[in-house]
Structures are given as C-alpha cells and as structure tokens.
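What follows is a single structure, and I will ask about it in a moment.
Read from first to last, the chains carry the letters A, B, C and D; within each, the first residue is number 1.
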Amino acid sequence: ACGGGADKEEETKDADKGEEETTTDFKVAMVTDIGGVDDKSFNQSAWEGLKAWGEEHGIEEKKGFDYAQSNDKADYMPNLTRLIRDEYNMIFAIGFELKEDLNKVAKQYPDTHFAIVDDVVEQDNVASINFKEHQGSFLVGVAAAMKTKTNKVGFVGGVDSPLISKFESGFIAGVKSVNPDIEVDVQYAESFGAADKGKVIASNMYNNDIDVIYHASGGTGNGVFNEAKDLKKNDPDRDIWVIGVDRDQHEEGQIGDHNVTLTSMVKRVDVAVHDLSNKAMNGEHHGGEVLEYGLEEDAINVATTNEDAMTQDIIDAVEDWKEKILSGDIEVPKTREETEKFLEAL
Amino acid sequence: MEYIIEMLNIRKEFPGIVANDNITLQLQKGEIHALLGENGAGKSTLMNVLFGLYQPEKGKIRIRGKEVKIPDPNVANDLGIGMVHQHFMLVEPFTVTQNIILGKEPKTITGRIDLKKAEKEIRELSDRYGLKVDPTAKIRDISVGMQQRVEILKTLYRGAEVLIFDEPTAVLTPQEINELMEIMRSLVKEGKSIILITHKLKEIMQVADKCTIIRRGKGIGTRNVADTNANELASLMVGREINFKVDKHPATPKETVLEIKDLYVRDKRKIDMIKGLELNLRAGEIVGIAGIDGNGQTELIEAITGLTKTHSGTILLNNKDITNKNPRKITESGVGHIPQDRHKFGLVLDYTIGENMVLQTYYKKPYSKAGILNLKEIYRYAKNMITQFDVRTPSIHTKARALSGGNQQKAIIGREVDRSPDLLIAAQPTRGLDVGAIEFIHQKLIEERDKGRAVLLVSFELEEIMDVSDRIAVMFDGRIVADLKPEETNEQELGLLMAGSSTKKAGEN
Amino acid sequence: MIDVLQSIIPTALFFSAPLIFTALGGVFSERSGVVNIGLEGLMVMGAFVGIVFNLTFADALGGWTPWISIIVATFVGAIFSIIHAVASVSFRADQVVSGVAINFLALGLGVYLTKQWYGKGQTEMVSQPFFSNDIPFLSDIPIIGPMFFKGVYTTSYIAILFAVIAWYILYKTPFGLRLRSVGEHPMAADTNGINVYKMRYIAVIISGALGGLGGSVFALTIASNFSHSTIVGQGFISLAAVIFGKWHPLGALGAALFFGLAQSLSVVSSSVPFLASVPDIFLLIAPYVLTILALAGFIGRADAPKANGVPYIKGTR
Amino acid sequence: MSSSHRLFSVLIPIISVLLGLIAGAVIMLLSGYNPITGYAALWRGAFGDAYTIGETIRRSTPYILSGLAVAFAFRANLFNIGAEGQVIVGWLAAVWVGISVEAPMVIHLPLAILAAALAGALWGFIPGLLKAKLGVHEVIVTIMMNYIALYSTNEIIRNVLTDHKTTTESIHESASMASEWLGSITFFSRLHYGILLALFIAIIIWFLIDRTTIGYELKAVGFNPHASKYAGMNVSKNIILAMVISGALGGLAGAMEGLGTYGNISVMSGFSNIGFDGIAVALLGANTPLGVVIAAFLFGTLKEGAGEMPTGAGIPTELVDVIIAIIIFFVASSYIIRWALLRFKGGKSK
C-alpha cells in the first residue's frame, strides 16, 4: 500500500504513474454489493465474467483481477478506494446501491475508469451498464401467460425500487400482451433476504389460485421456491410454477423428479463485464455513456432448461415476441406509468 | 443432660473482619436458647455457619455428641437443623404449599407434584403446632405473621429438630409476637430445641431458658435467664450501662402543625382503608400512632406525604392545604419522612452514602445550581452528617448497600432531621436495630421535639410508643379510636383499644 | 372471512413455529433468572448446523435427514449455549453483555465456517427440507380441516406440543418449581437445598437446545440454505414473544402465534377487498404496530422473574 | 483498595482485547491462515495510511453516538434495543431537512442535526411513554419500533422525498458536515466534522450523567424507583426523559450518516446495524461515556480493518465478528479475569 501520511499531491502522482504502466499489465477489479460474490445472482455473474476475462488473457486472480466484498453499505467507499490504490485500471461497481459512493469516488479519481451495473452515474470516467430486464421480464411474462391455467399469476419483488419496477413492468406487459384478462398480483417483501416473508407471500398467492409466480427478490425468493416445492411435493399433479431471476434457477426448483422452475429471466452481467473489460483493455472506455445490454446483445435470456414445462409452443411464442421486441414493433415498458400506457394501448 | 448442638470455638473471617472469634454455643434438647448481641456482632454469621451457608475457619460442631461437617444447607436439613431467616426466604409468587415443599416435593407416579398429598401433610403439621396457614394462598397475599409461620412450617416439614430464629419478631406486630411466643413454647413441648436471635431483652426474659451473649464477634458468656435480668444482659452486650428509660422533659406543645379532617383513603382495590380519620399534631410534641399493622397506618403516612391520593378530606400543614399535592411540594412545605422499609423507600442502595444524603435536597442550593451538582458541597455536607449522626461507614463513597441496617437508618434519620421539617414522620424507625442504636434514635426524636418540631411516630411496638410519645393515638380500622396520654394508660388497655374493643378520649380517666 | 382464515392460519402456523421453539427456550432461561438476549445467536447456530448437516448427510440419510438435522442442531445449540451459561452463571457476567456476545459469535462463526467449508458466503439449497402434509381424516373436516390440518408442517404441531410440555414441566413438576424458584429468589432456593448454579446451567442449556431447534426448523422449513441473512431478527422477535407472553410457555406460544397471524394477515390483506385499498406501508408495519397496541391495550404490565438478570453469589443477600 | 480498583478497570478491557486477538489468531491458525499476515492486513485496513485512518475515525463516529444512546438508557435501567430504529429515523430527518430547507449554514446545519435528534427522540418517546404509563416492557416496544422505522423510512424515501427512487438527492452544502479539508488531509476519506460533534456530545452526556441533577434523578430512578418516588422525583417523567434523550442520541448517530458520510439516504433492505452495534459498544464501554468513546474506536477499527482481510490475507471478514464476540465475552466476565489477576498477584507475593 501507499506509505503512511504522504500528502495528496504525491499520492496523485503515484496514481498517475500507475496509469502509465497500464499498457503492459491491465488490471480489472469489482466491488460487490451486500449480496457478495457468491449470491447466485448478479454479483456472482459479474465475477464469473471477470474470471472468464482473466482466463481469456491468462491473467492470475488477485494479480490482474480481483474483487472486494462488501458486507455493509459502509464498505462500498473503502472498497472502491482500496482497489483504486491497489492500482486497478478498471473497476466495476456491482449494483445500484453503489451509485452514490461511486459518484464521489469517480470525481476524486478522474484517471481511473469505472463502470456501474444497474444504474447510471454521470461522470466522464464511468460507464453505466444497464440491462433491459424489462425485455426479459416481458418474455417470461409471455411464458407465464401461456402456462397459467387459472389466469392468475403473481409477481414478488424484493424492495420496491426503480430497478425492480422494470421487472414488474415488463412482466405485466408480457402477461397482458398474451391475454389481457389474466390477473397479476404484485407483492413486495421489502427485503432481498426475507425468506419467511417470501414464503408467506407465495403461500398466500398459491392459495388464491395463482399458479405462476415470478420473483425478483434475491434471497426472499428462497421462500417462494420453498413453498412451491412443498406444494408440489404434496401434490405432484398440481401445476404450480416459479420463474427465477438473474440466473437460471433451475436447480432451486428441483423437487424429486419434478421441477417447479418454469423458466428464469437470465441477466448476463458476466457478458457485460467481460465485454467491457476487453473494450477497456483496448482503450475503449465508454466513460459517460449508458450502455444498454439487452436481448440484442444476448445479455438477456430466457432459460429453457425445464424441457417438460417449457413446451415448444411456449418457446415458439417467446421467440415470436422476442422478434417483435428486437424489430422494434413493441416497446416494452420500464416503469409503472409506461405500463399503464402500454396496457391502454393493448 | 446432653447437648443436642455444640458449636465449639468457632472462628469465621470475612475479608478484613473477624465476624466470629472463638465463639462457643451449646444447646440442650428442649430449650430455648437466646443469642444476644449488637448489630454486626456476628450472630447471623454464627447461625449461617451452623446452617451450612458459611464454612468456619476454625472450631468444631457437634450434633448429639458426634462431630460433623456442614458443607451446605442440605446437610443441615438432614441433621435436623432448620432456620427461619431474618429476611424471609420465600418465593413471593408461589403458594404457601409450594414454598414449603420446594426442594422436597412429593411426586405422583407421573412425575407431577402431588399437591394434594403435600397440602394434607401441611394441614396436619400446622394443626399439630398451632400454626394457622392457608396452604393455597400466595405468599405475596398473606400477612408477615403468616409468612413467618410458613417459614417455621418449612423447617418442620423437613423434619427439623433444632430451629434457628434470626430476629423473628422484628417484623411482627405485638399480637403476632405473642402468637410466636406461644408457637415456640409448643414447639419446645413437642421436643424441638430453639435458638432465638433477638435484640429485645423483654422477649428473652419472656421465653428463653438460656442466653449466650456475643460482642464484636467474641463470645462473652452464657447465662441462665432465670438468674439474670435485662439490665445485666444489656450491659454484657454493649459493654457499658444502657439507659432504658428514655430521658425526656414533659412536652410543651405549641401551635398546631398538622391537622387532618375527615380523611378517606382507598387502596388499589378501591376499599376504604382510612375512614374519616381526624388527627391534630402540634409543634413540640410527639404523637405515637399505636395500632396493629394493616389498620391504615401505611395509607395515612402515604396520604400525608403525597404518595397516595386521598379520596376525600383535607390535610393542613401549618394551616396550608397540602392535600393531594405532589410529594416534592409536600416535602418542601416542611415534612420529613423516615420510611418504614428503608431498603425499598429510604435509600438508593446503589448510590454512595454521600449521594444518598442529598436524596431530598440535591436540586437545591448549595448542592446544585442551575441543575448542575456541586459535588464538593455535597460531599462536605455528607461528611458532616455522618459524623454528626454517627453513621459508621468506611467513607462517604461507600455504597449504601454495604452499610449495616442500623447505620443505614442513622443516615436516613440524619438526612430527614437536618432539613428541619416542621413535621417529622417516623415509621418503625428502630425496627431490627440493637439497643444502642435504638437509644440514639429515640434521643434524636426527642431532640427534634424539643426544637419545636411536631413528630409523628408510627410503631407496632408498644414499648417504644409508650416511652417516646407525649400523646398516643390508637388507630383501628382506618380511624383514630383513642387519644391518650402515656402516663394515663398501660399496654393492657392499649392492646384492647388496638383490637377495636373499646374507644376512649384523652382525659376521660 | 372463513376464506381469509383458511389462508392466514396455515401460514401463521409455519411462520410461528421457529419463534415458538425459540421463545420457549427464552422462557426456560429467563424463568431461571438468566436473561437471554442471545436467542438470535442461538437460532443462527441452529440454522447453520441444521443446513450443514442436512447438506452433508442428505444422501446417506434420505427422508430422515431433516429430522436428524434438527436433532443435531438442537444438540449443538445446547452445547453452544454453555458459553452463555458459563459466563452468566459461573463468571457472574452481565447477562445482557454475554447474550450480545453470543449473537456476534454465532453469526461470525457460522458465516466464517460457511466460507471456510463451502468457499462462499452461502450454502446451496438443501435437498431434504421439511415438507408439509395433510393430516389424515382431520384435514377432511369442513372449515376447520383446511385451516388447521391441511398442508401443515409436523414441526408446527411439535412446537405447539412443546409449549404444552414446557408448561407442564414448569408448572407441574418438581423440576419446574425449582427452576422457577431459582429465578424468583435464588437464595430461598439455595437454603432449601436447591443447587442454584446447576438449575441455571440446565435452564440455559435448554434454551440453547430450543433456540437451536427453532433456528434449524426455520432453516429447513423456510429458508432452505444458510447465509448471513438467514436469521435476521427472528431471535429478537422471539425475545419479544417471551416478554409479551409474560414469561409463561403458553403465553409465549400465544405471542408467537399472534405475531405469525399478524404477519400473515398483513400479506393476505392485500387480497381482502376492504383492506386492499389500504396503502401497502400500513400493512407492512401492521404486525409490529399491532403487537405494540396489544401490549399497551390489554396485556399491560408484566412482571419479570424477580431475580432475572442478577448473578447469584452464594452468601450475599 | 480503590487504586487497585482503578487498575483493574483499565487492565480488564486491555486483557479482554488481548484475549480476543489471541483467540482470533488461534482460529486463523486452525483454519490454515497465518495470523501475522491476517493481523497485518487488519492493521493496514484500519491504520495503513491517512485514508484508512480517516475512514476508521469516520466509521467510529456513529458508534460513539449509538453507543451513548444505549448506555444512557442503561444508566436509567432501561434497555434500548431500539437504537437501530432511532438511527434510521434520525438519518431520514436529517436528510429531509438537508434537502428541503434553504438557509445559511449557521441555521441549516444545526436545524438538520436538531431534526435528527428530535426524530430519534420521538422514537424513544413512544416506548418510554408506554413503559412509564402502562408498564409495557421497553424491550418489545423498541424491537417493534425498529421495524416500523425501517419500513416507514423506505416508504418516505420512495414516495415523499423522491419520485419512486431508491436514493434521495444530496443534501445542500449548507447542511453538510462533510469537509473538503478533512478529506484532503486523509486522501479523500469521508472523515467529516461529525466526529467533533460526537466527542463533544460524549462530554455533554458525561456531564449530564455525573454532574447534573437530571443525571442524578435518572440514575436514582433506574436504581430504585420506589425510593426515588419517596424522594419526590417524578418516576414516569424520568423514564420518559431517559428514553427521549437516548433516542435523540440514536437520532444523532443517524445524522452522522445523513449529514456527514453519505449526504443522502437510500432505501434499505435491512437494518444499518449502527444501532445494534451500539449495544455492544455501550456494553464494552461499561455504559460510561469515556468507555463508550474508546469502545467505539475499537469497534470502528476492527470493522474497518476487517475489510482488508479478504483481499490482504484471504481471510473472511467474519473473523472479526468472532474476535469482537470474544472480547465482549471477556469484558462481561471481568469477574473471572479479576479473580485470575488476584490469584496471579497473590501467587507472586507468596
């Protein structure tokens, strides 16, 4: 680390020196949010992308790429700073929670390049990586609409926020596009880690004849899966489904010979991280830009692992709508207002 | 006759103090043996040694001639030793039965406590020794006297042959004391032996066969009660002559300080505890309230001091209405109060003795100014008080908890008296204290009277009432039923009045 | 109305079960005079052990895995709680402080070992959690059946059964009488020949066992895996249930069920017509507000065991 | 006697900390790490350079106040588990005023700080009132108030302070405690003037507890409500006052975050833990203001230093929680340390 209480000018010079050396060894790192690098979600995905990047270039972990884990909101800033002073050239901040801290840090270290996932930081040295989750959510909505027999589906959100609203909006739009008569029940647990709350909500939803639940709620979703599997175990003939999020959550849905995971809205943070790392290494920084990764970039997917459940007609329908989105025929709503307009137009 | 218990040359040390130094106590079967000594002389310690709570550093204990070790109370129980502690060892929310059987519960085959069997056994025991108790009542609902009978039953239930009573009468009313004396006699008749710790020489003279005296941890000797008298015992105990008759000049009462008119007070259950009470108190006199516990004394004090709301009636202090004012207002208008339960109400035991000295005045100059304490002034004052009132404490920074009962009481009295209140209420001011301390406190009360204060003394001890008061108001069922001069009455008459069997006005003789 | 009950009662039951177990543990400990702020940590330990054991032995033990897992978690919880017992009974520690240490220790150790053993901050999901079942015959009773006997976890009934057993033990047996006496007036118990320290050790260990059980039941019925956020506050809610239930096993049961009902009601309300218009935020905080109101309104003052939180030192008064 | 007492009160925490660190080293050894590398990383993480020192102080700042909040209530024999909720509402209130009021700094900053204190005080007032008037146990009410604070705050951020966003805008400069100068001497750390305020308040609280009639009454009521009532103190008032002041301190801890560290407030998906950690800080500090300040710095150091352990030595940060637990455990068990010390001393003199 830097030696003791040297004054600011000298340290900045040090950092400059680091910048000059980049051409020979380019270093990339990321700061996780509270979820941690093994959250089976976007942090994990990002780290996988970074590892893949390292592998591609034969770089060793901890030397050329690394991550810093945040256990606490208070950790973001020190983690970012630590990596900067360990002379990483490109630093990813994973998750909208890091937005404010990154905003400050980016101002303080104009010579380091940053990227934020899931939010926008308006600084010349920060690339903002956004995903078109609404697109994927729309498509799983289509799948849910095709699958439901009761014409009732549910959405479980973690914490009500603009990001999760994108999931909600896309999902509702997708469902209603297939059949406007399907009811969508939306509930928030106000936590990404409350499995008990997730289970209570799921129990209530399934009890009210909802047969497909899409969750965008992190660990809270464990409770949703848990409830679905429990019902399935007791009554294997009952058709109930969960739609996973971020990763393919097929594994979470396995119960005996059955699997309650209909599909998952896969968000390839790894693709984006890998891609941007490469670009940065080539001097292409995209600072100040908002990079949108979506269906087109293959950064948003719909999982089809559950072959029994994702029947061909569902897959076909999903493909159809995907085409429509790609072609610009439809604009998937991202917010509640947009959803309202979208539904009126249906 | 052989000894049932012999404690020979017992020595017990605590850090920095030798509580028992070479004490010998020999108890014969079927006798009541008194143990006498000042506060802190080492009586409780000696008994705790016998009961297995403490281990002696030196000395032997023989039971029925056989030398024994008593490592814990269980062993003492097995050896037939039972103890009725000074502070009752009763679990308040439990019933009488539960308390008695605790640790030795009869069981049904299912492992459940056999309450029926236990209750039956307790009824039998209590009938045999004349110990009236209600086996199903909760401890917190029964009188102190009954609680003590429960303690006695506890020992009998465990088959005790030797019963130790540690200051059993300190908390009892005169009636209850008489009952206890009866109980002790019947226990002895049934073949039990008793060790009785008490500060009251009268009681020793009344029931004890022998008396062992200890002073400052040392055994002074054993006397046959029949061969001695109260004066001798007292001087043996204290090491000097004790003046029993309280020295005082006749009172010269002046203007009325306290005037209570048609007072009604209800308790939590909305039952009238005080029913139209009338009382006058003048400067320069001590009025003693005589009465059996539970006849409204507590409510009366609480009403005067503002701790309970009155239902109707007026209380005037120096002609100013203080009815239902808050306690602080009342204190400030000139009322001092020595509460009955010094641990609960008199002191903050976790405060130092210095801090306790300003419990009533901390917010006033010079102890604080604009809400800021003047510690220097507080400590200066406290030091002054502890010398003036002979409070024996290592320093003013000692926690009040660490002081002996007598010294705690002296501290409270000092604090209350020094504020020069026009009205000083003293509730049971000498309970549990040794004669030396009692003498001191009585003197102080009389001094206050002579300085022109009105003193209201509430006590269950007739002797104290008779000795100290200038006027006696007998309280029965929430009313003052008699108002008389001590020299014109006797304990016999007072006892009857307190029991509600007649009424009398001063000067009727 | 019946509809609503049919949907809230089963959820309340599974939601409450871990709280009931843990709160019962709290009742034992506090009845003996040892304050147990460490319930949260004991649950964490239970959840950790339950999940790790389940993951490790699921293949070998098959359908018995969850049962054996909770037994092991109970056992480890008991052992873990000895730390609290040693501190607060033998070392005369401030019991609140020691309980707080338990909370830190359990979470720290649990996550540390998870990282050590699994190389990540959270475990996989277990393959052998508890499943609910319908109770034969009883579940066919109209109205009542679906409310209480359809799709319920056996563990929920065990929890209720445990509450009754705890009541029996505490209020009907010599052991219970002794345990309570130690919490009210240890010196009285001591002079009656009861070993105060032993009783308190036993009580704290029982609370550890039940806390561990509660945590593992939570993990194996609700969370399915272990991470730093598996147990977040359930132990504190259980502590509240102990006090709310006036330190009585059946009271604690009632309080835990009340909390489960309030929680499930707040979720269900959104599908109840006249409550649907209530803003979500009010439903969200409803369980907590209801608890406060219940306490303020009709439960009122509760007296803790007198000697609760006071270390017993032989020979002082 | 009293000098050895003073010696013990210094020795015991030091020994506890040492024992905690030794236990941590043993755990590291057992799990195959090098304790020296581990602790070196911890040290670097906390004091490695000006930046980390700044961050360590910054992290300790709210702990001082939340620790004081818990300690203050304890002195009146009240257990305020609700410091967490008080921190959250204080944070919210501070930011709210910071955003919505326009005024010169001399007015704006104190106003925002005051708002935080008031919000926390309100959060303490409710359990205090219920305790004083109805005898409802403060532990349950404060636990419940934590959740109410968390969820209500999130709702207000989303629907009142912002238009369905997760983070509010930043407070105006005039309400900020952040300092460019402090940042500059610590290499852009977020060290802010809050530390001065926190230390100042610690002194005030010390004064309040030990030197004023208010403190005298609060402690008396805490020790013995009956005697206090007899002495003319208003027991209910004192219980409420103790909770109100305690809550206000919690609120101020929130202000440190809202006006100092972050300058805004975000929707939280879980507790901030500043209040919960305050319990441990208070207990470590033996509920005295000076003790709390020292414990807060210890806590801040360990927590801040922990961040460096995974990157610097590959050791999971949770090890620090284990170490903290062991330290607390030994502080709690001071009796046994005292006993051991006496044995040791006695053995030597014989």
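Definition applied: a contact is a pair of C-beta atoms (placed from the backbone, for glycine too) under 8 Å apart; a residue touches a chain by one contact, two chains touch by 3 or more.
Chain identities (UniProt): B = ABC transporter ATP-binding protein; C, D = ABC transporter permease.
Bear in mind the structure is a predicted one, so any value in this text is a computation, not a measurement.
> Chains touching chain A and chain D alike, please list them.
Of all the chains present, those in contact with both chain A and chain D are C.
> So which chain is the furthest away from chain B, centre to centre on CA atoms?
Max centre-to-centre separation from chain B belongs to A.
> Suppose each chain is reduced to the average of its Cα coordinates; what separation in Å results between chain C and chain D?
28
> Centroid of chain A to centroid of chain C, CA atoms only: how many Å?
35
> Please work out the Cα centroid separation of chain B and chain D, and write it as a whole number of Å.
The answer is 47 Å.
> Averaged over CA atoms, how far is the centre of chain A from the centre of chain B? Could you give it in whole Å?
75
> Residues of chain C touching 2+ other chains?
In chain C, residues 228-229, 232, 284 touch at least two other chains, as defined above.
> Note the residues in chain B that touch 2 or more other chains, in rising order.
If we look for residues of chain B contacting two or more partner chains, we find none.
> Which chain A residues touch at least two other chains?
69, 71, 190, 193
> Between which chains is there touch?
Inter-chain contacts occur between A-C, A-D, B-C, B-D, C-D.
> Within their complex, state which residues of chain B touch chain D.
It comes out as residues 305, 307, 326-328, 330-331, 337, 339, 344-351, 355, 359-360, 362-363, 368, 371-373, 375, 397.
> List the residues on chain D that touch chain B in their complex, please.
Contact set of chain D toward chain B: 2, 211-214, 216-217, 219-220, 223-224, 226-234.
> Along chain C, where are the residues that touch chain A in the complex?
Contact set of chain C toward chain A: 6-7, 10-11, 14-15, 119-122, 125, 127, 129, 131-134, 151, 218, 221-225, 227-230, 232, 234, 263-264, 267-268, 270-271, 280, 284.
> State the interface residues of chain A toward chain D in the complex, per the touch definition above.
Residues of chain A touching chain D: 1-6, 8, 11, 34, 62, 66, 68-69, 71-75, 77-79, 81-82, 85-86, 96-97, 99-100, 104-105, 108-109, 158-163, 165, 190-193, 335-336.
> Note which residues of chain C are touching chain D in the complex, please.
83, 87-88, 90-94, 96-98, 100-105, 107-109, 111-112, 115-116, 228-229, 232-233, 236-237, 239-240, 243-244, 281, 284-285, 287-289, 291-292, 295-296, 299-302, 304
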